[in-house]
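Chains here go by letter, A, B and C, matching the order in which they are written, and residues are numbered from 1 within each.
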Amino acid sequence: MQTVFHLIAAEPDQQRTALTIAENLTKDDSVDMDDVAVVAQADGIEPLTAGGEGSETVESMLKRGISFKACSNTLDLKDLSESDLVDGVETVSSGGGELTRLQDDGYAYIRP
Amino acid sequence: MQTVFHLIAAEPDQQRTALTIAENLTKDDSVDMDDVAVVAQADGIEPLTAGGEGSETVESMLKRGISFKACSNTLDLKDLSESDLVDGVETVSSGGGELTRLQDDGYAYIRP
Amino acid sequence: MQTVFHLIAAEPDQQRTALTIAENLTKDDSVDMDDVAVVAQADGIEPLTAGGEGSETVESMLKRGISFKACSNTLDLKDLSESDLVDGVETVSSGGGELTRLQDDGYAYIRP
């Protein structure tokens, strides 16, 4: 199975919870996961920025095979470039576009 | 592809972000969208009311072909009638019912 | 049709709204529902705990045939056991796992 998490909450607490839930999914032996992805946009981009609050968690999740996708519109709006992101984070044309594409491909959607 | 956005947040900032993400999806040339709809309920109904905060954005999005659906239960609860809504906004029997129906029809779901 | 609601918000007001939307779906004659389930995790677990705020609503919804599933990781984190939950509430290995499984089975997902 495949699941995409939508990281958009502004509060660090809520971002932390979202990342924990995504990570816990990869540790749940009762579901056979082929892919777990996180699409981040708006203020939810913070943990994906190098040195940002929560970025160590993103780094360790990337090592566990979870993919992270940052919305390009958000980067533009916040005056960030790809070089400001944690190594390994991808960029996507738009958060809404990627969330649509992945669900169309059969991904479950979870918005913590 | 088809996507339904769930507009339910109470904060004007969050409502604005939700509408922007929906509008950005229609501008993303990398996804071939057949329909983008917004189902609003609870305090998320505000931008769909005539003269409400954010209603100009809803008006311009309607002109771009994005459809807006207001939950009838919410209208009852807030003592609003169809005539209080922005011209062109539809009403649906229940927000949950419409979100279920659209996903059953293959729509992706995004809750900003 | 089948729908799973994701109960994760911390605010009692938002939890109340989420439960009302789930209950309203079962009263909407325009959609033919086979199942309505609620997966609760993080602070959204509160109404599923015996005597917790909102627990009377959960009790009455259980009687109407709506199923409630509590995330085991959340129980561990909050030092709760199954005996602390409202009678009839099930536990699931992880909230993310159950939400993935149900969507994979064709459930619509709604996150109020």
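One rule holds in what follows: a contact is a pair of C-beta atoms (placed from the backbone, for glycine too) under 8 Å apart; a residue touches a chain by one contact, two chains touch by 3 or more.
Since we're looking at a predicted model, the values are computed, not measured.
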For the C-alpha superposition of subunit A onto subunit C, the rotation angle in degrees, rounded to the nearest 5, equals 120
Quick one: compare the interface residues of subunit A with those of subunit B and tell me same or different, with half as the dividing line.
-> different
How many angstrom between the C-alpha centroids of subunit B and subunit A?
-> 24
Residue numbers in subunit A touching two or more further chains are 109, 111
Where on subunit B is subunit C touching in the complex?
-> 6, 8, 41-42, 73, 93-97, 99-101, 103-104, 109, 111
Touch list for subunit B against partner subunit A, complex = 1, 3, 5, 17, 21-22, 24-25, 27-31, 33, 108-112
